[in-house]
Each structure stands twice: as C-alpha cells, then as structure tokens.
Amino acid sequence: MKRRLLPHPILTPILALIWVLLSNSLSPGQILLGLLLGWIIPIFTRPFWPERVTIRKPATLLRFLVVVLYDILVANLAVAWLILRGSHHIRPAFVVVPLALRSDLGISLLANVISLTPGTVSSWLSPDRRRLVVQGLSVKDPAELINTIKGRYEAPLLEVFESC
Amino acid sequence: MNLLLVVLVPLVGAGLTGWISRFGRMKSAWMTGGLTLLSLACLAPSALAPFAGEVVVRRWPWIPEVGLDLAFRLDGLGLLFAIMILGIGLLVVLYARYYLPERDGLGRFYAYLLLFMGSMLGIVLSENLIQLLIFWEMTSLSSFLLISYAYRKQESRTGARMALTVTGLGGLAMLGGFLLLGEMAGSYELSVILTQGDAIRADPLYTPMLVLILLGAFTKSAQFPFHFWLPHAMAAPTPVSAYLHSATLVKAGVFLLARLFPVLSGTPEWTWLVIGTGLATLLIGAGIAFFKHDLKGLLAYSTISHLGLITLLFGLGTPLAAVAAVFHILNHATFKASLFMAAGIIDHECGTRDMRRINGLWKFMPYTATLAMVAAASMAGVPLFNGFLSKEMFFAETADFSSGFEYGWILPSLVGLAGVLAVAYSLRFIHDVFFNGDPIDLPKTPQEPPFWMKAPVAVLVAICLLVGVLPALTVAPLLKIVVAAVLQAPPPAFDLAIWHGFGLPVVMSLIALFGGVLVYTTRRPLFKLAERVEGQLLAKALHDWILAGLLHGSALATRWLDSGSLQRLVLTLVLSVLALGLVGFLDDGSPLTGPRAILPIDGVSLFMTAMLILVATATLVLHRRRLTALIVVGAMGLLVALIFVKFSAPDLALTQLSVEIVTIVLLLLALYFLPQHSPDESSWARRLRDGGVAILAGAGAGALTWSILTRPFDSISDYFLANSLPGGGGSNVVNVILVDFRGYDTLGEISVLALAGLGIHALLKDLRLPGLERDAEGRPWNWDLHPSIMAALTRLLLPLALLVSVFIFLRGHNQPGGGFIAGLITAVALIMQYLTNGVAWTHSRLSGNMYPLIGAGLLIATLAGLGSLVFGYPFLTSAYTHVHWPIVGDFELASAMIFDLGVYLVVVGATLLILIHLGLMHQASHPGPNQGEESL
Amino acid sequence: MTHLVIAPVLLPLLAGILLLLTRPLLPLGVRRGLNLAAVAGQVALAVWLLTLVDGGAILTYNLGHWPAPFGIVLVADRLSVWMLLITALLAFFALLHAVRGTDRGSRHFHTLFQLQLFGLNGAFLTGDLFNLFVFFEVLLLASYGLMVHGGGARRVQAGLHFVVLNLVGSTLFLFAAGTLYGVLGTLNLADLAVKVAALPPENLGPVRAAGLLLLAVFALKAALVPLHLWLPAAYSSTSAPVAALFAIMTKVGAYCLLRVETLIFGAGAGELAGLYADWLWPLGLLTLLLGSLGALAATELRRQVAYLVVVSVGLLLSAFGLATPAGIAAGLYYLVHTTFAAAAFFLLADLIAEERGSLADRLVPGPTVRRVGLLGGLFFFTALLVAGLPPLPGFVGKFLVLRAALETPGWPWVMAVILTSGLLGIIALGRSGSLLFFATQGATNQGDSIPSDSPGKSGGSAWPTLGLLALGLILLAWSGPALEYCAAMADQLLDPQGYIQAVLEPPGAGDER
Amino acid sequence: MEALMSLIVGVLTACGVYLLLRARTFPVVLGLTLLTYGVNLFLFASGRLTIGAPPIIDTQATQYTDPLPQALVLTAIVISFAMTAFVIMLSLKARAELGNDHVDGRETPGDQP
Amino acid sequence: MLEITLSALIIIGALFTFIGSLGLVRMPDFYTRLHGPTKATTLGVGSLLIASMIYFSTQGQGVSFHEILVTLFLFITAPVSAHLLSKAALHLGVESLSKPPPEVERADADGAGTP
Amino acid sequence: MLSTAILIAFALVSAAIGLTLWRLLTGPDTPDRILALDTLYVNAIALLVLLGMHLSSALYFEAAILIAMMGFVGTVALCKYLLRGDIIE
C-alpha cells in the first residue's frame, strides 16, 4: 500500500524541487503544487520504474558528484586544448574495461560518467554486461585509463548502489 | 383536364401494363388496347372544337419563373396527329399481339409502346415549346427501347444506339433553337409565338435558330444526310416499324415543320434549306429503296423518300403546298403502315424478308397479297388510291413553284424522276414478292396469317381506298381545319377531285408510271450496277467514322490527360497556380514593393539565412539518400524554429520543435519499410524542367512575401491584444486566441489530429509489410534490441518529462505553452519508452488503446464549449475567475483550461496512436508470440 | 442569436465521438442505428433551419461570444442551409447503402463518416476564411480515411494521389489566406468584402493574386479543368457509399467559389468585381467538354460516372460563372439534382458490379445479370437523369442554365458546349448501357465467374439508390418552388450587403461581453 | 530582414516543389514538409516581422507583434503534422499494396511525362 | 563586476560551444569527432546558462533557476547520445583510426548477442 | 561591455552552427551527420540563451528546455534506426 501511494520517496522531493526551478518561484502555492505533482507523477510512472532506487551512502555519492563535476571541467579544458592543437597530437584508442557493477542503473551511470569525463566515450557494452568498451581521444596508457575508471568512478558507484 | 389525360393515360398506363403482364400475356394486350381507347375517349370531348374553329388550350403551372408550364393545345393539326397516333396505335396493338412470338411476355413491349404513344401525343398536343421538346426527347428514348427490344441481336443494339445518337443530336439542337425562339418571342407558348412570325423572321438570330430547329426536325424525320438511322431502326419488331417508322415518330419532324410553319417559313433560308433537304431526301430515298433486297429496307427507304417529299412541300412555303403536305402525311401514314404490316406478315410467314428468295406469294396468301398490292399502288401514286391525290398535288405545287425561276425545269424534272423511282420500287414490292416465279429455299412454307393479323391491314387499306375514291366526302373537312391550324389562317381553296383536267401534273404522273415500269423491267442490269457501287453508303459511313473517331479521339485525349501520373497532377497544379498568381499580380501593374519601413538586417540573421538556404538546397542534392535527407530536414526544422524565436513567436517555436521530432520519428518508422535510396531515374531534361518550375514557384512565393512584408498593415489583432487579458483571462495572446477567440478553429484542428489517428488506425488494418532482415548495406541488424544504458536513463527521464509537460500545460494561458505542446511532450516522453524499452515492456505498463483517449479529449473539448450554452451564451464562450486560497495564494480558473485539456488528451492519444501503430506494423506483419494487435 | 446555427456542426461531432467511444461497447447494429439516427437528425435540423432562413433572414452565430470580425462567426443564409440539407439527405442514403456491409471493412467507418459531415457542415456554415481552411482539412482528412477504407491497390494509389494533391492545395489555401490577411488585416469573409471594396489601388495586385490562388484552391476541390484529373481515379476506385458521399465534395469547392465570387469579388468589389466570373465560365465549359470526352472514353462504369461528375462540375461552374441571378439560380437548381444523381449512379454502379462478378463494372459484354429488369431500368433512368435528358430534373437544370446563358454575351459558346457535351453524354451512356445490359450472352450467369469470395454481397438493396432517385423526382415535381428558392438564394448572394450587415452589424450588437 | 524572410520562403517553396515533382513517395513527403515550412513562415510573416515583442501581455511591454498569424500558424502546423502522418502511412500502405514506392505504383522506374 | 563576470561567462560559453563544433570539423575520424560536441559543448552551454541565470536573477524580477534544468537535461542526455552514436558507429564499422576490440566486431557481425 | 560580449558570443555560436552544418552536410558517415544534428541542437540552445539575454526576455527558456529534450529524442531515434532499423520493436 505504501509502495503504491509513494513508490519513490526520493523522487517526490526531487520533482518538487524541479517544479520550483521550472516555475522560477518560491511562492507557497508553487511549492505545494510541486509537492502534489511530485506525489502524483511517480504514481503514474510507477510501472515504468519498477525497481526502487536505494542509496546506501549519500556522503559517498556527494563526494563522487563533486569529483565528477571537477573532472568534467578539467576534461573539457583538455579536450578543447586537443581540438585547438589539431589532430596530430591525439592518440585515439579503444580500451576494454571489465565491469564489477551489475545493476542496470549502476552500469548506466558509470557509462555516462565515463562519457562526460576526460576524452572518453563509453562505446559498447558486451552482451553479458561484463565488459565496457571505452573510446579514448588521446590514450597514452590504456591500463592507466582502465585503472582510473575503475578506481575513480566504478568503486564509489559500487559502494552507493550495490554494496550489500 | 381531358387533354392532359389523353397524354397521361398511356404514360401512366405503361407502368401498369408492364406490371400486369406477369399475370398473362393477353392481359397486357387487352390493357394496352383498353388504354388506347381510353385515351381516345379522353380526346373525344374536345375533338369537335377544332371543327368549330376553336383552339383548346389548358395550362397547369410548373416552373412559372421561366415560362415553363404544363400546357396542352388542341387544334386541327394536333387533332389529325392525335387521331393518327391513337388510331394506328390501336391497329398496331392488335397486330402485335399476333405478330410477336408466343414466348414473349409482351408486357415490356406494350409498356414501351404506350410510353411512346404518350410521348408522341405529348408532342402533338403541346402548347409549350419546351414541353414539346420534353416529349420529343421522350419519343427518342422510347423508340430507343423499342428498337433495342430484341437486344440480344447486334443489329438491334446498333440500330437503337444509332437512332438515339442521331435523334439525340437533333433534340439537343432543337433545344438550342427553341431557347432562341423563346427568347425572340418572349414566351415558349405556341399561342404567343405563332402570332409573331414577322418579328421572329426579322430577328438577327433567325438563321441560327432556324438551322437548330431544322436540325431537330430533319434528324427526326430522317432527312438527308441524317436518314441512315431509319433503315437501321428496322431491326425493331415490325409492329414498331409500322407504327413509329411510318406513321408517327418520323412524322414528328414534319409535324414540327407544320407547327412552326407560320413563324419560320417564307424566308429564303427556309425555302432553300427545306426544299434542298427535302429534294435530296426524296431522290436518295427513292433511289436506294429500289435496290434494297430487304423488304423492310425497301419500305424504310421509301419512307425516307416520302418524308423528303413532305419536307419539300413545306419548303415551297405556299398555302396549297402546305395542304398537299398535310394530306400526304395522312396518306403516307395509312399506306405505309399497312405495307409494313404486310411485310411483317410476309416475314412472319416466310421466315425471311429477302426479296430474292421470296417469290410468288400470291399463290400462298392471296388476301394479304391483295391488300399489300392496293397499298403499294397507293404508294406509287396510282389513281383511285389516296397516294395519287397528294402526289398529284405535289407535282402541281412543285411545277407551280418552279415556274417563276430561270432554271425552273430542274425541280419538276427531279421530282418526276423521284416519281419514276417510286413507281419502280412499288412495282418491285408487288411483282418481286407476289409473282416472279416460285419461292427459293424459304425456311417456312408461307400461308395466310390469322384473321386478326390481317384485319388492321385491311382497315388501313380500306381507308386508302375510301380517301382515294371519295376524298371530298371523307377527308376534306379534316384537312380544312388542319390546314387552318398549320397556316394560322383560313385555309386556301383546294380541290380534292381525282381529275383536275390535263396539265403538267398529269403528264408527270404518266411519266412516273411508265418510267417506273420501264425502270423495273430493266432492273437486273441496274441491280448489278448497284452491287458494284454498294459498300458503305456515305451518310452511314460518315456517322460510323465520326463516332469511331470520337471514341478513339476521346480515348486518346483522355489517356493523355488522365495518365494516372501524380507528377503530372502536381505539375499541372503548380503551373496553374503560377499562371493565376502571375496574372493576378501583374494585371494592372501594382507595385511589388510597398512603402513600409523595413527592419535592418543583422549579421546573425544573415548568416542563419544563408545556412537555412544551404540546408534547403542540400535536401535537393541529398534527397535520394533518404536517411541523410531526413537528418537534413531535421536540421531545417530546427532552423525554422529559430526563426520563430527570432521574430517573437515562442509558442510557434515550441510547437515547431516538438512537431519536428515527432515527424522525424514518424519518418524513421516509415523509412524502415521503404527503400533506403531513391533510384536515379529522372533524366537531366526532367530535372531541368522541374528545377525551372520550382524556381518559378519559389520566386513567386518569395515575391508575394516581399510584397506583403513591405506594405503597411492594419489588422484586427489590436482587439486581441486589448481583450486577451480582460476578456480571455490570459496574457499569452496566442494561447487565448487558440482556446478562446478562435477556439472553434482549435476544435477543428484537434478533430483533424483525431481523424489522422483514426484514419491511420483504420488504414493499418490488414496492412502487411515485411520488415527488413538486413540494412541497406546488407549487414544484419545489431543484436542489442534495447541498449541497456539508454533504457535505464530514459526511464529516469519520464517523470521529468511529465513534469515539464504539466508545467507547459498549466502556464500556457499566460506564458508560452499550452495543451498542444504539453500533449506532444507527454507523447514524446511515452514514445521514448517504446523506443528504448520495446513494445512488449511498454505495453505491459501502458495500454496501447489510444482511441478512447482521443474520444475523451474531443468530448471534453466539446463539452467545455457547450457549457456556456447553459448560461445562454454561444458555444465556446469562456469564463474565468481568480480564486484566492490561503497558503496557495491567488490562482486563475478558466473554462478555457478545460478546453485545453481536451486538446492535450487528443494530442497525446492521436500522436501515440499514430506512432505506436506504425511501430507495431512490423510485429503485425510477422504474426508471432507478441500481443494481439487487435486488442489495441 | 439562436443556438440552432451551431447544431448542424455539433451534432455530427458529438455523434462521431459517441460512435468512437462506443466502438467496443455496442454491437455494430446499434451503432449503425445511432449513425443513421444522427444523420436523420441532421436532415431535420437542416429543414428546421430552412424554415428560419426561408424568408431571407441571415442568422449569425458569434462563437465564443466575440463580435465579428474578431471572433469566428457562423452564418446561416439561404445558400448555406440549402447545402446543409443536401448534404444531410445525401449522407442518409449513402449511409443506408454503407450499412449493408461496406462499414465492416474498416475500424472507424462510422466515426469517420460523422466527422466528414462535421467538416462539411462546418465548411458550409463558417463565415471566416481561415476557419474554412480548418474545416476543409477536417472534411479532407475524413475523406482520406473514408476513401482508402477497405484498401486495394487501385484505391490506395488513387488515394495517395488525392491526398498529396490536396495537401498541395491546402498549402495554397494558406498562401492565399496569408496574403489576404497580410494586406487586408482580417479573416472574416464579410469584413474581407468590406475591405476589398475599399481597397487602395496599390494593393490590388496582391489581393487579386490571392483571390486567384483561392480560385485555384476551390477549383481543385471542385475539379475544374485543368485541376480535375484527380477526380476520376479517386471517385471510381473508392467504395460506392463513399463515392456517393463524395458527390458533395466537389460541391464544397463550387460552394466556396460561389460564396467568394459573390461576397468578396461581387459587384461591390470595385476594381476586383467579377474576378472569378471571367475565369469560371470558360473553364467550366472546358471542363464540360473534357469531362464528356472522358466519359466517352471510359472503359469502366464507375470511371464513366466519375467523369460525368466532372461534366456536372463544368456545367455548374459555367452557370455560376454567368454571375447573373438567373445563372446562379439555375446552377443552384442543377447542383441539387447532380449531387443526388451522381450519388445514385455510384450506388447503382456498385449494385451492377456486384451482379457482374469478376467483370465488375468493366464495360464489356458479359452474362445477363440477375435482376436485369430492376438494374437495367434503374440504369436507364439514372442515365437519363445524369445525361440531362427529359423529362427528368437534369434536363430542367440544363434548360435553366442555357436560358440564363442567353442573357450573357458568351451564350453561343455556352450553348454549343452544353449541347455538344449533352450529345457526348448520350452516346457514352447509350454505349455503356448497351454493353452492360444488352450485349449479353446466355440467359443466366450460371457457370460464369460470379465471385465466390463475396457470396453475401450480391443482391444488395436498391432502396438507397431508389431513395436518391426519388429525391430527384421530388425536385422535378417541385421544380417551381425549388427554383423560386434558388432564385431567392441567388438574389441574396448577389446583394451581399445583407450578409455583410448581418455579420458585422448584428441586431443585438449592443450586448458586449 | 524582410528580404531575408522572402528569400527563405522562396527557397523553401522552390525546394518543396522540386521534391514534390519526384517519382517516389519519400521525397514527395519531404517536399510536402519543406513546402509546409515555407507556407508556415509565409503565414507567420503576414503579420509582419517584429523582433523582441512577443505577444505576451506584459505591463512593461510597449509593443507586441501580431498574435493572430501565430495562432493561425500553430493551427496550420498541427494540421500539416496530421496530414503528413497520414500521407506517410498511406505511402506505406501503397508500398504494401503495389509492391514498390513509386507514386504511381509502377514497377518500371522512371518519370511519367 | 557583475557585468565582467557575465561577459566572461558568456564569452567562455560561446568559445567552448565554438570549440566543440570546431572539433566536429577538425578531428580525423568519427570517434574522435564525438568528443568535441559531447563534452566541450556541455561546458559551453553550461556556462552560458549560468550567465543567463545570473543575468535574469539580477533583472529585478526575482530569481531565475530554471536554467539549471536545461543543464540537468543536457548532462543526463549528452552521454547517452554519445554512447548510442558510438555504438551505432561500431555497428556500422565506421572508419576509425584506432582498431575496435575484436569482440565488438564479432558480436555485431553475427548477431551473437541476439536473445 | 555586456552587449559586446553577447555580440561576440553570437558570432562564435553562429560560427559553431556553421561548422556543425558543414559536418552535417558532408558526413561522410551517417553517425557523423547524426552527431552534427545533435550538436546543432545544443548550439541552438546556446543561441537561444544568448538571444534571451540580448532581448532581456525569459520567454525563450521553454524553447531551450524543449530543444534539450527533443534533440535527445531525435538522436536516440536515429541511432536506434541505424542499429535496428525498426525503432519501435
């Protein structure tokens, strides 16, 4: 019953927040409406979001987010520099990252983070979801890249979403 | 009333007769006879009036505005014809009952016959010319039915259609003529028209009018060169020939000449046209008649010849000629009807009508032979028979007419020649059939027909004799009133004596008799000669050639025009529009550019314009690579949306953006089932042509845009800007226009969307298209149906998208947005679920059954509009109020929002319906374990 | 302001929605009944409205209670109500024919049918140019759905052509409407008329161009030469009841031409007066001629009938092009007749085709059809009707047009073409009747190719056809009053001040919202 | 700016017409889409071009662009979307029934004169 | 100060947007081209959005947060797009400077992963 | 200064759009074109944001958010088409 009435407890405040962002207003009416929608929409979309997302370690997640944001900033500068310097200085390569993550959400988040950060795009997930092929714009050492990905991104994600 | 009944009884009776025939063959015969008598009885009360010099006219209004009334008229001319129609009709009814084969139900025949009889009576009794025309055409139609009575025979069908075509042509020409005549006289009523002869003959349009009317009369009366239909009409059963093709139908033409004689005659045009036609017909008919081996053919051409004779007489234009013409109409009707009946008996008894085989029938059927011989003698113009009298008058009138002309001998000579030929073919009819040795190889042994079959012939022959011997006692009074009616003046003095003293007419008669005998005796070499020149006779050949040419030509023209090519259709449309637009704009040299101040061009706009043009032209270059073209079009849509943004149209930009994406998805769905490339099939010439047309069209559109944008402008929109907030309760004027000022447009618009959804849903039923196993390059498709990275994240997006959709919906009344865009966002968000998670997954979470949603949306929108009716305001009148709730604060409630909700639902429903079903088509064409398609 | 004016629009819309929502709930029979009842209701509504406008009153209805020219206004004058009545009557018999089985082949036949009427009625009633566009689209999209209903290669291909061409036509409509709005600043037809009358000379060019673009749009709908070539394929390949209903579709184009011709480019339009008339009658005559040739060349009955529709369009628009009271009245009389006659012919062709089995409606000799008496008789009668032969209303209509033409300088052309096309019609129909009913072999169709796939279809009811023919006879019998009404319509049209006043200065204009 | 707009409308119309005259359904649909862009811009422009004055009532605004053509174009966009959807579907149906995607359903490729 | 910040943000944003597109043109193969737009552009548009946020928040009509939403959208969707594009390119065997791992080709060529 | 910055930004973003379109039209492969279209959408957001500031109007924000959403949908659909042909299956 509780699941039916409040399928995603995290989603409600997020949606309400987004509503407030959208409406550009902090009036009580809008907040109320945001909460109302935050409550109703998940009920409607419950079937589309079957598994309940549980976040084990919010602090780790927060730290992870900061790292990612920082990496994005740096990555962008790096890529911009590479672009401006021209194609002679790049060393593109594909690397295969073995995955420890198992959940769809986890793998997806990892893949996205990889795509958002330093000159890498997650290109291909093996059918058994054990290996992620990543394309790097300028890869000097493939092993190092794999290690960075596993240590810097996959480990926190494992902790947040899949630690038992 | 009785005049109306005279016509109505046979017409109404026709249906009755057809129906009663199912109760027995004889019933319909009795019925027809009875109806004919009844009609005659209806005529009787008025029959004496013409003798007293009265003209009976009765009117019933029908379409009074245009002078079209039901009006009937009985004068001498009408009476003569009515009597002929009904009298001979009665005899034919009797004759036909025995003539037609036993297996024939007769009902249909008699029904047609009555239809014809009524129509014919309608012609002769009409007071109104247009009404006369109506009956005129009805005689054509009923005779078409009668000729095609034995429709399994090719010749019946051909004959019937030929008659219809020729008389149809005449009827239409006559309609034109009558319209002109009516315009000249200011009325279609004969009583009016007949008094205005002088004015009409002086009218500048007299000649075209005359030609048109004569065309009608000549075609009907089988005048040269329209004569050829009559012999072919002989495919009709002989009673029909006896009735229509001797006594009635073909006389309609000469009746018309008589009817309009006071109005039309007397001018040189009339004289030469009518005499010329009559003479040609007289000679050609008589000439051909002699050479016909078919008994009915001989009679048919002889009829043509006699009709020419009558026409010629009217052409002479003198009162006495009119007397002769009218007299000959009567005489010809009697002897020719009896001859046809006799021919029918012979045909019936011998099983053939070929005179080369029929010989010596005198031995087999002496009574019939006697009757036929009397009638034929009358036809030849032998004294003591009625034909002689009128032919004598004919000779006299032509001689009299010609006497004043320098080459006056020509006409009498030619007329004399016709007389010779008439005697010759009459003699042939007698000698070749009843004597001339023994029959050759007849299918049947001939014998005397039943009494009741001969009786009608006998009656007619008796009349021939009676009139021929005692003209003054029998026919003179009738003739007097008829002539009075024809001339619209007291009849001239005429003498119907057999002997007028020795003169040119007698000489001509004698020459005719002896010459005819001479011609007949030398017939064998003549026949040989005829066989050599035979072949297609000119007029018939001409008719066939024209008709075939017409059919062929129309087929060619139509095939060329209606080639079933869409490219052609579009090109025609574009060129037409270009022409119209150009003519419209340039007609009086309006300036292209108006005086309005224009906006300065900024760099970004210039650059973006260049980009848009680049992209648009690229579509042309890339269009054959379809996916590429699709991507390019996507870019173009985005640029167009940016234009909307630039020029202060945020709502349009939003709509354009969302529609664009839905369209791309739609095109992708379709592209899967289509070839990936268009073949390179246009020639360079074609591309050049299309390019030229396209550039012209573009130049036109651009010029039009320029001409409008540079003109000053004053529109009704100030009202919307002023009233949007106070009257409509919304500050987004575009949205208020959509849901309020012009909410009715929006109702139509969502109906269109709903219709597209429903139409596509209907179209998809039973649609099978195989999906491709491999892509355009022959590669198999990727194994990953629903890439999980994509799927997982798209699920996250759904609540977000729905939230945005609600946002867009709620603010639409005051800010850019509204039900339509919100609906599209919702639909796109849901489509994304199909795209990324697959049909099976999505369907287990969302019903694919969308049309109730469409229905509900339409219903809500309509009901929202209907709400105002309760308060006495028109449909779609909106109301709004501001509500203040504690905490929540001030917010607005507008009925227009309910309307917008309807819009939202329809958009969601229709878009999903369209896209999902297109997507499902693949599954539908591969029936498998997936969900049943019909459940959607 | 009587709400009755909106009723002919709302009734089919609500009926359509109802039929959509009840699709899975009610058995087909009940839904058929509902549909028929809704159409009957529209007949009744039209008759009711007719009694209201008969005296010359022009009823207006300001939707959303916004005054004209700002809001959309509906206008019920003699002409629009007349069109409503014809449409409803036609629809009734077409539907009657459809419910014997045609409606089974598709998912949303009944809804599409009602929404088609929604579009038609909306188009006839609207007094707003852009709204006319919207309802054009409604009726077109409904017609697309109905046209390809049932499928089949020919039908789908003809449908594709029909749709694409009409989409281009819709684009043109928008170009025209945009130009008119861009120069005159309004969309209300009456207001446009006022603005055109006061047009400064420097703006004549764009307005004339827009007027002629509109002419092209309506001419395309009406199938006027050279924009007529879509019609034969479209009408001859769709199902019979749809083709019958489509008899009104060309009339929508004709109606719009007449409306714009008289209201916006009428006598009061100054420089632009008579803009349409100059094009209509020569093109109408050309249509008449080319249509007749097509009818003559046709090798299938339905195609022939479709070409005869083209012929009727030609005659109709020539009459409207005369732009005289008598000409317009004659055209309007003819319009009624030809709508019912064409529809009846399409239904009849369907009956004949069913009886002829695999020969269908091809004009080739075949076995004697069953019910040859009935079908042959009906064919004969209908052919007379369509060919305009006496004594049926087709003749009266033709006579009226010719008579009206005599008052105009171009009369010799009109007369020559109308009479010639009449003759071609007689030849064509004589030929096809002869081939279908006379040139038969064998007494029965036993052993011949009667299709085994549609055993239940043969022997369809002739009642809908008879009903339409009866309407023609009623028209004939009441020709006097009918023509009187047509003349009144023409007078009302040719004096557009009444219309303009009714729209822009309604009697109750005081009660602002 | 007016000249640019005229140019854009002209080019879109020209390209649309050219594609409409092709022999396959897909380019025809693309042509219709382009033509629709063109006419929508035209209709929109019939209210004249205004920059930075959207028709949203605002106490600070001094000028508004003409809202009516925008509403009309909105309606037109929706309608042409519906029409495009239908014509796409119909071209698929034609492909299924006729076996090819030629607009006239002809097997042999090439233009029809 | 505010103006300088805004101007800087705007110029930086536009510059990154430009560089992203420049990468699209300058990079030698599809996989390398992919990096420019997906990342440089997010930063570019991100800083433009921040500029906009500041700009509208200081216009006196209350705060303006909704730009965050656009950024959020871009950050969620851009990597997914990049991944899909890359996957599609691998599937199509688009010409590449670096050789893709053999297992990709194997799985994609014979449809090995088809469930 | 701000307006100058915006003008420069306009120029840069326009140039970006130009470059993107060049890639869109020249390809060479379909993924290149899809990538270009996706980038074009992002560039358009940049342009909108600039325009919003240029005109001091917040009315273009919805368009930006819609572009962000719709651009993604378009890219996903096109990629799905390349991968599977059948995009809804």
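Note that the chains take the letters A, B, C, D, E and F in the order they are written out, and that residue 1 is the start of every chain.
Heads up, the rule we're going with is that contacts are C-beta pairs under 8 Å (C-beta built on N, C-alpha and C of every residue); 3 or more make two chains touch, one makes a residue touch a chain.
The structure presented is a predicted model; accordingly, all values stated were derived computationally and were not measured.
Enquirer: Which other chains touch chain D while also touching chain E?
Expert: Both chain D and chain E are touched by B, F, going by the contact rule given at the top.
Enquirer: Considering only chains that satisfy the touch condition with chain E, which of them also satisfy it with chain F?
Expert: Joint contacts, listed by label: B.
Enquirer: Give the label of the chain whose average Cα location is farthest from that of chain A.
Expert: If we average the C-alpha coordinates per chain, B ends up farthest from chain A.
Enquirer: Would you identify the chain whose C-alpha centroid lies closest to the centroid of all protein C-alpha atoms displayed?
Expert: Per-chain C-alpha centroids compared to the overall one single out C.
Enquirer: When I count C-beta pairs in contact, which pair ends up with more: B-D or B-E?
Expert: Contact tally favours B-D.
Enquirer: Indicate the whole-number Å distance between the mean C-alpha point of chain A and the mean C-alpha point of chain B.
Expert: Those two chain centres are 75 Å apart.
Enquirer: Could you give the separation in Å between the centres of chain A and chain D, each centre being the mean of its C-alpha atoms?
Expert: Inter-chain centre distance comes to 40 Å.
Enquirer: On a C-alpha centroid basis, what's the spacing between chain A and chain C, in Å?
Expert: Centre separation, chain A to chain C: 62 Å.
Enquirer: Using the average of all C-alpha atoms in each chain as its centre, how far is it in Å between chain C and chain F?
Expert: Between these chains, centre-to-centre, one finds 48 Å.
Enquirer: Where in chain D do residues touch two or more of the other chains?
Expert: Within chain D, the residues that touch at least two other chains are 20, 25, 28, 38, 40, 42, 45-48, 51-52, 54, 56, 68, 72, 75, 79, 82-83, 86, 90-91, 93, 103-104.
Enquirer: So which stretches of chain A touch two or more other chains?
Expert: 18, 22-24, 111-112, 122, 127
Enquirer: Residue numbers in chain C touching 2 or more other chains?
Expert: Touching at least two other chains: 130, 134, 137, 141, 144-145, 148, 151, 160-161, 164, 168, 175, 178-179, 181-182, 187.
Enquirer: If you go through all the chains, which pairs of them touch?
Expert: A-B, A-E, B-C, B-D, B-E, B-F, C-D, D-F, E-F
Enquirer: Taking the touch rule as given, give the residues of chain F at its contact with chain E in the complex, in rising order.
Expert: 1-2, 4-6, 8-13, 15-17, 19-20, 22-23, 29-32, 34-36, 38-39, 42-43, 45-46, 49-50, 52-53, 56, 58, 61, 64-65, 68-69, 71-72, 75-76, 79-80, 82-83
Enquirer: For a test of understanding, state which residues of chain C touch chain B in their complex under the given definition.
Expert: By the definition above, chain C touches chain B via 1, 3, 6, 10, 13-14, 16-17, 20-21, 23, 61-66, 69-72, 106-109, 111-112, 115, 118-119, 122, 130-131, 134-135, 137-138, 141-142, 144-145, 148-149, 151, 160-161, 164-165, 168-169, 172, 175, 178-179, 181-183, 185-188, 191, 201-206, 208-213, 215-216, 219-220, 226-227, 229-230, 232-233, 271, 290, 292-294, 296-298, 380, 384, 389-391, 395-396, 399-400, 402-403, 406, 415, 419-420, 422-424, 426-427, 430-431, 434, 437-440, 479-480, 483-484, 487, 513.
Enquirer: Applying the document's contact rule, which stretches of chain E touch chain A when the two form their complex?
Expert: The contact residues of chain E facing chain A are 16, 19-20, 22-23, 26-29, 31-32, 34-36, 38-40, 42-43, 62-66, 68-69, 72, 75-76, 78-80, 82-83, 86-87, 89-90, 96-101, 103-104, 107, 112-113.
Enquirer: Flag every residue of chain A that touches chain E in the complex, lowest number first.
Expert: 18, 20-26, 72-73, 75-76, 79-80, 82-84, 86-87, 90, 92-94, 96, 111-117, 119, 121-124, 126-127, 131, 133, 135, 137
Enquirer: Chain F touches which residues of chain D in the complex?
Expert: It is residues 51-52, 54, 56 of chain D that touch chain F.
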